Each structure stands twice: as structure tokens, then as C-alpha cells.
Amino acid sequence: SGGGGEGGGGGDDDVAITMLPKNLGNPYFEASTAGAQEAAGELGVAVDEVGPDAASPDAQVPFINTAAQQGVSALVVSANDPTAIGDALEEARSAGTKVVTFDSDTEPQFRDLFVNQASAEGIADKQLELIAEQIGGAGEIAILSASANATNQNAWIALMEEKLASDYPDIELVETVYGDDDDQTSFDKTAALLQSHPDLKGIVSPTTVGIAAAARYVSTSEYKGKVAVTGLGTPNQMREYVEDGTVEAFALWNPTDLGYLATQAAAALVAGDITGAEGDTFEAGRLGEYTVGADGEVLLGEPFVYDASNIADFDF
Amino acid sequence: MPNAAPMLRLEGVAKSFGPVAALRSGTLVVRPGSIHALVGENGAGKSTLVKIVGGVHRRDAGVVELDGTPVDFGGPAEAKAAGVAVIHQEPASFPDLTVTENIYLGREPLRRFRRIDRRAMRDGARELFRSLGVDLDPDRPAEGLSIADQQIVEIAKAISLDARVLVMDEPTAALSAVEVRRLFTVARGLRDAGRAVVFISHRLDEVADLCDTVTVMRDGAHVSTDAVADVTPDELVRRMVGRDVAELYPKVPSTPGEVALRVEGLESTGTFHDVSFEVRAGEIVGLAGLVGAGRSEIARAVFGVDRYDAGRVVVGGRVLTPGDPAAAIAAGLALVPEDRRLQGLVVESSVARNVSSVALRRRRAVLLPGAEAELARDWAGRLAVKAGALDADATTMSGGNQQKVVLAKWLATHPKVLIVDEPTRGIDVGTKAEVHRLLSGLAAQGLAVLMISSELSEVLGMADRVLVVREGRIVAELDRAAATPEAVMRAATPGASAVAEGGAA
Amino acid sequence: MSLLRRREAGIALALLLVIGVTTVVQPGFLFSAGGWRDLLLTPAILVVLAVGQAVVVITRNVDLSVGSVLGLTAYLTGRLFIDAPDLPLVVVALAAVAAGTLLGLVNGAIVAFARVPALVITLGTLYVYRGVTLTWAGSDRIDAGDMPRAFLRLGTQQVLGVPVLTIVAAVVLAAVAHYLHTSRGGRQLYAIGSDPAAAALAGLPVRRRLLGAFALGGALAGLAGVMFAARYGTVSSGAGTGMELQVVGAVVVGGVAIFGGSGTVAGAALGAMLLLTINRALPVVGIPDFWQRAVVGALIIGAIALDRVLATRRSRRLAAARDADPPGGTTAVGPAAPGPDHDRTRTEEATA
Amino acid sequence: MRSHARPWWQRALLTREMLTVAILVVAWVVASATVRGFDGPLTITYLVLDIAPVLLVALPMTLIVATGEIDLSVASVVGLSSVTFGLLYQAGLGLWAALAASVLLGAVCGAVNGALVAYAGLPSLAVTIGSLALYRGLAVGLLGTTAVTGFPDSWTDGATANLSESPWPVVTLGLLALAAVFAVLLHATPFGRNVLDIGRSSEAARFSGVDVRRTLLILFVLSGAVSALAGVYYTLRYGSARGDNATGLELQVVAAVLLGGVSIFGGRGALHGVVAGVLLIGVLGSALRLEGVTVNVINIVIGTALVVSVVAPRIAGGVRVRRRASTSPRDGSAVAQRS
């Protein structure tokens, strides 16, 4: 696609936005990019998706550099590392590019705006609620996360650990393992978890790849129905397991909306409607008006719970 | 029989490798029931001709006929299928396979469902070895076979093909006398069965002994073909070399100086024991013995490429650190090893780099362009090395020239002591004489030379003193006068019967 | 041979040891339906890959593109289920295997005909095949829902307590092992790996054999792709990334000489099982997640070192044998040796 | 006797290395002409910053491959040194102290590989696949989920700042210097000659008094040390020390080295070719990204380039192929040994 080239052509008259997810081949980001395209259509701006095949910061940097070279109007990025891509982002900004992070943030000074899918607390609480009710409020649980350095996952896990200590005395978090957002690794880690903790009651996986792999393993093992699996997942990936009863319920915001909102925000920045300062407000198409919160955060909303009753209504 | 229709006929066959014209016009007519000798200097093109017959190379021009029908083999397999068996100059066995598998590879006897019939295969191998009169374990891997044994396996393989035409490229180079005789018996058997046999060797005595017809090649072209009875060996040599060979052993008597190399009680379990000797400046000391006696191992240990368990080596008063060739070289020691293609040269490197590889690299911290060529031109000149250019790969040279490059490489280091192991193995008479003249010349200039050779006549012809090695021990020291063939062989061979048999031979 | 067998016995022993120790720590590792199943099931895919890789390595080559081939064929499998829902499972599987064979043939053809090192070529095709998958799949991925239940069930189904995939792997192993040991072609693969130049000189159909080896490797990678889809139920464009090193590691641990000519597919299979079983055992015995790779690495090195020790012993034994009762070459030398020397002297005097 | 079979210009230009150089030049020209934004100053800056680690590691790798060996553990050493550097910084060490310590550790990692390959005589491909896992395991083990960040700008500037107003990053100087050192080492010193000889016939080298084992050990130590240096650069450039830094770099490096015309069998190779190979990969990547081409196509292009760069000369010099093939079996095998 020569889209980038066109973008490079005139960052001034027609607005070009580059969408840079953690990595390609991830349905979650496929959905968010779809949202971005939707917004782009409405706003009449060009959106290009680029990205590495592996979710590592050093692989992300060249794409940021390229965006800077092309002088695109805005860069919408989900950070693989809070600091590692910082310099690259700063350079892009000094070249006049607006930077919006979504889904996974960098340190605030590196971007203009962070479009947050849901407050970290909200996400942590929701997942604990789900697992608690699924295992009857007591027993051993484990966490299957993404990569060991994933900013948002680590933030949520930290919060969950606090909450567990304070509000769920009977639930014990026995281990946290990392599936690197890779199907196979996550799958094998799940097997290992169940192997090494025979009394495990539930698995929380705050990442769409992880929860699907965990559900897949449990659904085909004798743990099905005995070990609860929940966390953050996309309906299409989880439908199978919700229908066969492996998974009772899981949470997620709508990634399409997230991409949509991020793009709207980026456009607003480019248009100069907002600067990213606290209190700025902007009109985000079908999602209505949003207000920029403390250190440049825009909050999409609370996570949404999917279960057998409603999963049929979604397709992403 | 000699006037029967030819079984194998080559006419004006040519083959070039890039710039090198290996074979200009090879002509060879071999009749059934005949053993046909093919002789020529190193680089005359013998092996190339053989490789064309064997389907290894494709000819550029000329005709090859088998039983009167023209053939053009696309590969060794086709040649085999057509009934041509070739024993190549370099034995090529598969170290990881057993001796038996090596012999029958690709032609294994099969049972039902095309499964290999291992028993039949093993029995076949046993039978072959019996006919060759050697006892090799058919089930042992080829790994670690001595050169001689590898050659035996090659021969067994060729015979098992039961081919109409059998070509042997210097099969006897590494064989012991007994094996040579058994091989000859087999060859005669094939001849009497009406097969055609081609035999390549630098040993004219063997040619006289075995063959009925002899073809001489020079510079890639056919020179002459006669009945062996009709030509004298020296006539053959004259045709091979194209000129009269100077005195083969131009030994200039020299007056030994002080001790240059002293070896004291060298010991290496399983290979050699309590080896002690001296070599003085200006003298040539011969190390005689049967193949496999351990002479090369002694040489390698002295030079430091092999470690030894006890004893010490002293060069020019300096005791050498064991297993450290660099130290040996620094002390003024040089070794021209047994296998020039594998040990003597980096054949993929240019003549210039090979010649300068030791001398220059020890002296310079930085190598400026041209420095190597300079040194190489000097020495290549002195030794009359024939090569296209100084930056030509050593691969493209014939055996003799490669050996000269090895010598140049070591002489360039101005050694005090020079050890040469089989300096003329597989080298033609002409080059041989040059090498000998060179060695005695160097000795006359005060170089201490230790010469290992399996050619008794060479040792006797060149050495001031002869040390005889038997089963890894020095069993005799004979000065030039006392060193008669009988005396040396008596010392070299276990069992007194040796001499009697030897005389009979 | 006997020594090679001992080599495999060594790995098998190590495997049993690992299982034993882990089971003591955590009985469920072996004595639970799931434990038993995973013990057999987890290595199945890597075993199939290792068998294919072993055949290639035995010919003194290597195929680094297997991970990418697996990814491509796994995705193809899923795609077929989506785009041609009424194709029978067998056809889909065969299609994937065929695709794998084709990709293997491409490697083989370049290596055999252009006479270029396999390491370079397959490193190149590693990138190319992966790129093709990424282009084709984009962000799209195959979810469990997209594949027929019957197919997914194969991923975990058991017959008499043995998982289907394990049976598949076992059959593959047996077939290839039998071919290598008892057929002419099989022995020629060893010969080619043992000394390629000599193989050419001996007139072996080197090119055909190499093509065959790479094709087989590709076919098995394709089969592994199908197994991958069935087992993991989700296929993204990144499936099988980085697997090549794991496979080569398994083969090496299994005692297949990286320089070709020796080793058995059984060894390679055992190597694969050992690696993955250790992987699963480490967390059970309480090695924290992060340190596990380090242990695996140390294990690989250890295995190679062991190989070396055994190999050295072997050649020492052979050398000893040669000296003890020197065979053909060196035996009968004694009595008659003077013969030719006399003759030779005569000739050369004549020449003078 | 003539010292050369061909005139100097043929020897200089008709080489495998020059093929890569030529492709690089063409790629650069075409890109500048057709790709929007490629001729901008940023291109150079980013190009240098991106290829720096690959180039660094490629330098010693060239010599190792030239001996017929290979070191696949380099990327893991980069990761491990990045982690060590980070931890030492946390521990309060100064820049140079931390750097020295990391490089030293890298040298030790290399020494372990070297000892196993040279003195235990194990195949380097297998050994370094093992140590690849081992060193990476240590790296992630040491840091776990955390990443060390917040290095002072005075440190990071060294890795990212430009030379005054020029588009050239400071590191360019270091890269040039190091490249020059390795070029001299390989092409103009006895050590370099010995390295090539070992690649062609280590047996013959040994008989010429070359200490093959020591040479190999030195090379692996160099490889480890330079990889560690790359690790430090990596850490400072991204301002973040992580266990998974530079994962997969080893294949990029090997690809670049082979693209640069070094024979995987050993015995042949030149540094200018390798530098060109590294640059070529960098230029292709940056040009294609500017064109909005996604990573998958970039992979395809680089992979194809690698294959073609090896196959093309073979087909061109078919004569040479046949000649090499027909040299004596013993040598043939000696060469093929290292395939």
C-alpha cells in the first residue's frame, strides 16, 4: 500500500494518521483498527495500519521513525514498552506529529494523549469479581499474563494483588506466568499451571490471547468445569468455550470503540480542537463527548461483561 | 589376444578446467584379456583421463568407445552400469558406514519388499576379503582405516562390481608388498577371464611385473603405446619426462657439523616407544621402516602437532614445549608432512599465500599487499614451481608442483632442521630428481635433514645415516656404508625369514 | 551401531529420570489422566518435526524454515475449513502435507541444484515463508470456532489411553526409521552426509536423495502444521515462530551429528520428548518461570558434550583395534616387504 | 612468474562482495529517486541507529563464519549484557564501570562458547543453539517482569545524539572505528590470514604452526565482548534494559554476513561486503517502510535477497562450481565438513 507515501505527501492539507498496534496478527488490534477506519471514514482522514510481527519495542521504533519521516499528522500507538519507544515518539512529536497512545500507555511525557480502555482499577476489580463468583469466593487462583514487560497487564496484576490481599482473604494467588501473547506458549503455560497446582480453582488471563489458549486447554482436559477461566477476551475467540461451558463469563471493553475513540481524539488534536490539557473536551462521533482527565487520559468507559446470554450479539 | 577388438577405446579426448588444460588429446586403446599400463609424469593427465572413463568428468572433445559403441557417461552411475569399474587415486570411503556398506553402497542385495539383505552382504564382503587375502572386519566402520586399508576396500568394491573394464589409478601407492602381490593375482585373474584392466603407477617395476601393454602420456597428450617387452624402463622414463633425467640421487658428501636436533626417549603409548636420535647440521638422516611402523607419528610428535607422553626434543640447544608447533618453528624446525593436500598446503589458497604462510606471518605484524607475492616469487623461482600465476589456487597444481610449494613454504623460514615425510610419494621421476638435488644441496649448505621414506632406494640413495623403525622403536642405526637393502630390511621386518623371502621377491 | 543404540538408551534414561523425579515431587505429573495424556501429547508435534529435521541433518544439511512451513500449513488448514467447509478432514490434512512437501522441495531444489549451503537457503526461506503467511493472514486468525469439532477433537482424543496425535507421531517415526535402516535410499542418505564428495564420486543419486530428504522434512512440517491446528485450536500468522532452533536443538540432543552421517530418528524423537518433558517438569519441581530457558540451554550443551565423550571413546576403540590386530593393511607386511624395494631399486638404477 | 592471473580492476571489482555493494548502491539510488522522504536527513540518522547493533555483532561474526564456525548466541548475549548493564546502573555504578563490567561478562559468555567449540571440539552450531537458550534464560531470569529505565540523558545521548548539526549520530564514529579495526585484523594481519586458512583447512593450518584452538577461542571472546557492547548501546538507545532485548537478532546478523558474501563453509569473506550487507538490509527496510509496505513484505524481500545473493553467483560462475566439485574427494569433504 502506498498510503504512507501519500501521507508523506502533505501532512498539512489532508490529514494522515498512522495506526501502530503492539503487533500484527492480533484480532484485538484488528478490531481496534476497524474502529479507527470507521472514524477515519466519518472524519475524511486517511488511516494506515503498520506494525511489527512480534510485540517488542525495538521492532516498533522503526515504524515510529518512519511516521516521523513521512511527517504524518498523528500517530496512534499501543506501546510495547513505557520508555523504550519514548525517544522515537519525542522525535516524531518534534517533527510535528501528534502522538496518541491507546490500550497500552507510555510514560506521560512521551505522548499528547492516552485513550484508556477502562481505568486500571475498573479492570482489576471486574476480573476479580468474575473469578470470585465463579470459584465461590475461595481457593487457589493463578494469572496467565502476556509478556513479562507488558505495561498494562503488569499494572492490572499489581492492583489485583493489592485487592486480593485486602478484599478477598480466602482467595490465594499461587502463581503468575507469562504466555508472551503467543498461542502455543500460553497453552503450554496453562498446562504447566494445572500440572503444578492440583488444587487450582481458577485462572485469570488479562489478555485476549492468553484467555483463549487457557480456555482451549481446559475445555479439552479433565479440568473442564472444575477450573474456572476468566479474564479479558474477544467474543469471537471465546464463543466456542462459552457455549461449551468451559467459560462462564469474561470481560472486555469494545476494542472497536477504543480504536474509534483514539482516532477521533487524534483528529481533534490535529485539528487543534484540544491540546491534551486536563479539562479539554471533544466530540467523538457516535460515542458522544469526552473530557481529557488527569495527565492527558481519556477514559473509554467501564469494561463490559460477556456471557452465554449476550455473546451471540457480538462479532469481533 | 592383443589383436582382439578393443574393449575400451579413447581417441583425442580433451578436458580443461577453466584455464588449465588437464587433458589435451588422451588416446588409449585397451583390448579384452589385457592389462594395460598408463604411465606419465605428475600432471600428465592420467587421473583426468580416468575420471572421464569413470564418468566423473565430462569430456570437452574426443571419442570414448566401449565395445565399439560410442559412450558419453553423464555420471559415475552410468559408467558403473556400463560395466566400467574405477579405483580412483584418492580412496573415498564413508567413515560412518561399515566396511561392508561401503563396498555394496547402492547395490545392496535385497530381500522381500526391497529390504536390504544384511547377511548376504556381509558374506559377500568376507568372500571378497578372502580372495584378497586380507582380514578386515566387515562390520567395522570405515572410520580410522589406514590409507592402505581404505585402498583395499576400494579394490574390493571395484572387484565386486564384476566389471568388463577395471581401471586402477595408482592403487599400490600405499600398499605393502604382500597386498600388492595379492592385488596382482586378482588382476591377472580378471585378465584371464577376458576383462580389460588399466593400471596406473609411478613404479615402473610394477608395470614390468604386471602389464602386457604400456601407454605413455606427457602434458595431457598420448606419446606412445608399446608391448611392455619392447621398451626398456629408461626408455619409458625418457618418453615420460621428454628429456634425459639427471642423476636420481645426486648425493654430495658433506661434513656433519654440531648437533642440530636431539630427540631423547620420546614415548607415545600405542604408537612409538623410547625414541632417541640426533641429527647434525649438514647431514641427511634417513628414517626407514615398513608402512605403519610409526615414522610419521614420530615426526609429528617431534614437530609438535602430536603430543607425547615422555621424553624431550632439543633443537639448537633449546628444549621444545611439547605439542606446540609454533615453538618448534621458532626454534628452526620445519616439517614437510606426509599428506600434502591435507596437511602440507591450504589447497584453496593461492601459491603466494601458501609459500609465505609461515615465514612472513611470523615476522610481520601487518601484511602489506604485495609482500606475499614478493616472497613467493622469489622462492617459486628458486624451486622452479610451475603455476599459472602466484594467485592461482594450489588445487589446480599437480602433485609434484604442490610438493615444491610445500618445500618453498618451509625453506622460506630458513630452518635449521628440515623433516621431510615421504617427500616424493606419488611424484614422477623427473620432479623426484629435482627434489633430491634440492635436499642434498641444502644439506651441503649446513641444513640438518631428517628424511622419512617408504622407498628404500631413496633412503639409501640420499642418507648419510639410516635409522630403522620397527613397530614404533628405533631398532638399528646404519651408516651409509653399512646400509645395504638386506641390512635395512632385516632390521625393519619382524622375523628372520624376512630376508629369504625378500631375496626371493 | 551398538554404541549408537547405547546413545539412545542414554537419552531414554534421562527422560525416565526426569519423569521419575517430577512424579515423586508431584504424583499427578504421571498418575493423573491429564498428566499421563500431556506426557504423551505435548511432544507429538515436535517429534514429527524432529524426525523430518533428523533426516535432513543426516545428509549434512539443515532446514531452518520448518517453523515458517508449520505456520503456513497450519494457517492453510484453518483456511480450508473456513473456505471449503465440506471438504473431508483427510483431504484438508493431505492438502497441508502436500503444501509442506512443496515448500520443502523448493529448499531442496535450490540446495541440490545450485549447490549452495542449506543453512543460508533455509534461513532465507524462513523469512520468505513467514512473510507469505503474514501477507496472506494479515491480522486474521483462525479460532476454534472456525474449525470442525471432529477435527479439534483429534487434537486431544485418545485411543486406549494414547492420544491420537501421539499415535500419528509414533507411526511417522516407525516408518521413517524403517526406511532409513533397511532401504538402499536410506543408507545412501547416511553416505551422502558422511562424505558428500565421495558420494558424488561413487555415483550416488545425490540430488535426488537431497530433494527427497528436504521434501520429507517439508511434508512432516506440513503434517505438524495440521497437528498444531488441531491441538491449539487457534492459528495466527505467527504460529511456529522460532521453532526451528527448538527442533535443531532436539535433534542435536538426540545424538544426530550436526555434520551428518550418523544418528537415528529415534534419537531425535527422544531428544524432542526430553526437551519438552523437561520444559513441563521444571515448573512442577518449582523452578520459576523465568529461569526455565536457562536450564534447557544448559541441558542442550550437556547433551552435546556427552555425545563428544562417547564419540571420542568410539574412535579410540577403533584406533586401538587397528593397533591391536592390525587388519589387512598392516598385518602381513612383514615377510615379503623387501620384494618391491629391491625391484624398485633396480628400476631406478636403470632410469639413472 | 606473473603474480596475478587477472588485471587489478577485475580482481577489485569482479568479486562476490562487490555484487552486494553494487546492489546496495542501486537500492540506495532507486530509493532516493522514487521513495518520498527517503532523501531526508532523518533517513541517515535512523538508518545508522537501527543497523548499529547488527553491524557491531556482524563484525566478529564475519571472522567466526570465515573459520567455518558460527555463533548463534549473540542476541542472547546482547540481552544479558543489557540486563547486567541495567542492574549495575541501579546498583549505582558509573557509566564506564557498568559498561566495562558488561563487556567483561560478554567476553566470559564468549569464552564459554569458545572453550566448548575450540577445546572440547563441539560443533559451534549446536553449542551456540544451547547457549542461546542459556544466556537468554539468565537474562530474563535476572530481570523478570521489571525493566530498568530512567538512565541519565548524559548516558543515553551517547547512543542517540547526532554529531553537532549533521544527520550522523555520534555512534557512527565508533562503528567506523571498530569496522576499520576488524577490517585490518581480517585482511592485513597474520591473524586474519590464519583465520581464513582455518576456514579452508584447519588441519593444514595446524601443520603451519597456527594455534587453531586459541584463534577460535579469541574469536568467540571477541564475539561475546562486542555483542555485550551492542547490548549496552541497545539499552541506552531505547533507555530500557529488558531481558528480551534484541530477541532474534542472531538471524538478522547471520543473514547480513552471508548477504555480504562470507562463505558459510568458511575460508572466504571480506568485511566491506558484510558492511554492505548490513546496510542493504537497513536500506531495504527503511525504504519499504516509507512506502507503507508492512513487515511481512520486508521479510520476503530480505529473504529473497539472501537466497539470490548466494544462488546468482553460483549460476553465473557455473564453471567454478564444477571445478570445486571435481577437486579431490578428501578436500571436498574437508570443505563440506562445515556445511
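The letters A, B, C and D name the chains in turn, as written, and every chain counts its residues from 1.
In this section, a contact is a pair of C-beta atoms (placed from the backbone, for glycine too) under 8 Å apart; a residue touches a chain by one contact, two chains touch by 3 or more.
In UniProt terms the chains read B = Rhamnose transport system ATP-binding protein; C = Autoinducer 2 import system permease protein LsrC; D = Autoinducer 2 import system permease protein LsrD.
All of these numbers come straight from a predicted model, not from anything done at the bench.
Asks: If you take the chains that touch subunit C and keep only those that also touch subunit D, what is left?
Replies: In this structure, the chains that contact subunit D and also subunit C are A, B.
Asks: Going by the average position of its CA atoms, which chain sits the greatest distance from subunit D?
Replies: Result for the farthest chain: B.
Asks: State the pair of chains with the top count of C-beta pairs in contact.
Replies: Answer by contact count: the chains B-C.
Asks: Quick check: how many Å separate the C-alpha centres of subunit B and subunit C?
Replies: Comparing mean C-alpha positions, subunit C is 41 Å from subunit B.
Asks: I'd like to verify one number: the distance from the centre of subunit A to the centre of subunit B, where each centre is the average of its C-alpha atoms, in whole angstrom.
Replies: Computed from C-alpha means, the inter-chain centre distance equals 74 Å.
Asks: Subunit A to subunit D: how many Å between their CA centres?
Replies: Centres of subunit A and subunit D (C-alpha means) sit 36 Å apart.
Asks: Find every residue in subunit D that makes contact with two or more other chains and list them.
Replies: 140, 144, 243, 248, 294-296, 299, 329, 331
Asks: What are the residues of subunit A that contact at least two other chains?
Replies: 24, 53-54, 148, 178
Asks: Counting only residues that touch at least 2 other chains, which ones in subunit C make the list?
Replies: 130, 134, 195, 197-198, 200-201, 237, 290, in rising order.
Asks: Looking at the whole structure, which two-chain pairs count as touching?
Replies: A-C, A-D, B-C, B-D, C-D
Asks: Can you list the residues on subunit C that touch subunit B in the complex?
Replies: For this pair, the touching residues of subunit C are 182-184, 187-188, 190-191, 193-195, 197-205, 261-262, 315, 318-323, 326-352.
Asks: Write out the stretch or stretches of subunit D touching subunit C in their complex.
Replies: Counting only subunit D, the residues touching subunit C are 70, 72, 116, 120-123, 125-127, 129-138, 140-141, 144, 243, 248, 251, 254-255, 258, 264-265, 294-300, 302-307, 310-311, 314-315, 321, 325, 329, 331-333, 336-339.
Asks: For the complex, give me every residue of subunit A touching subunit C.
Replies: Residues 23-27, 29-30, 33, 53-54, 148, 175, 177-178, 182-184, 187-189, 191-196, 198, 212-213, 216, 220-223, 236-237, 239-241.
Asks: Which residues, counting only subunit B, touch subunit D once they are in their complex?
Replies: Against subunit D, subunit B makes touches at 17-19, 51, 56-57, 88-90, 92, 305, 324-326, 328-329, 335, 337, 341-349, 352-353, 357-358, 360-362, 364-368, 370, 373, 376-377, 380-381, 385, 387-392, 395, 409.
Asks: For the complex, which residues does subunit D have touching subunit B?
Replies: 1-5, 11, 184, 188-190, 193-194, 196-197, 200-201, 203-211, 267, 319-320, 323, 326-331, 334-335
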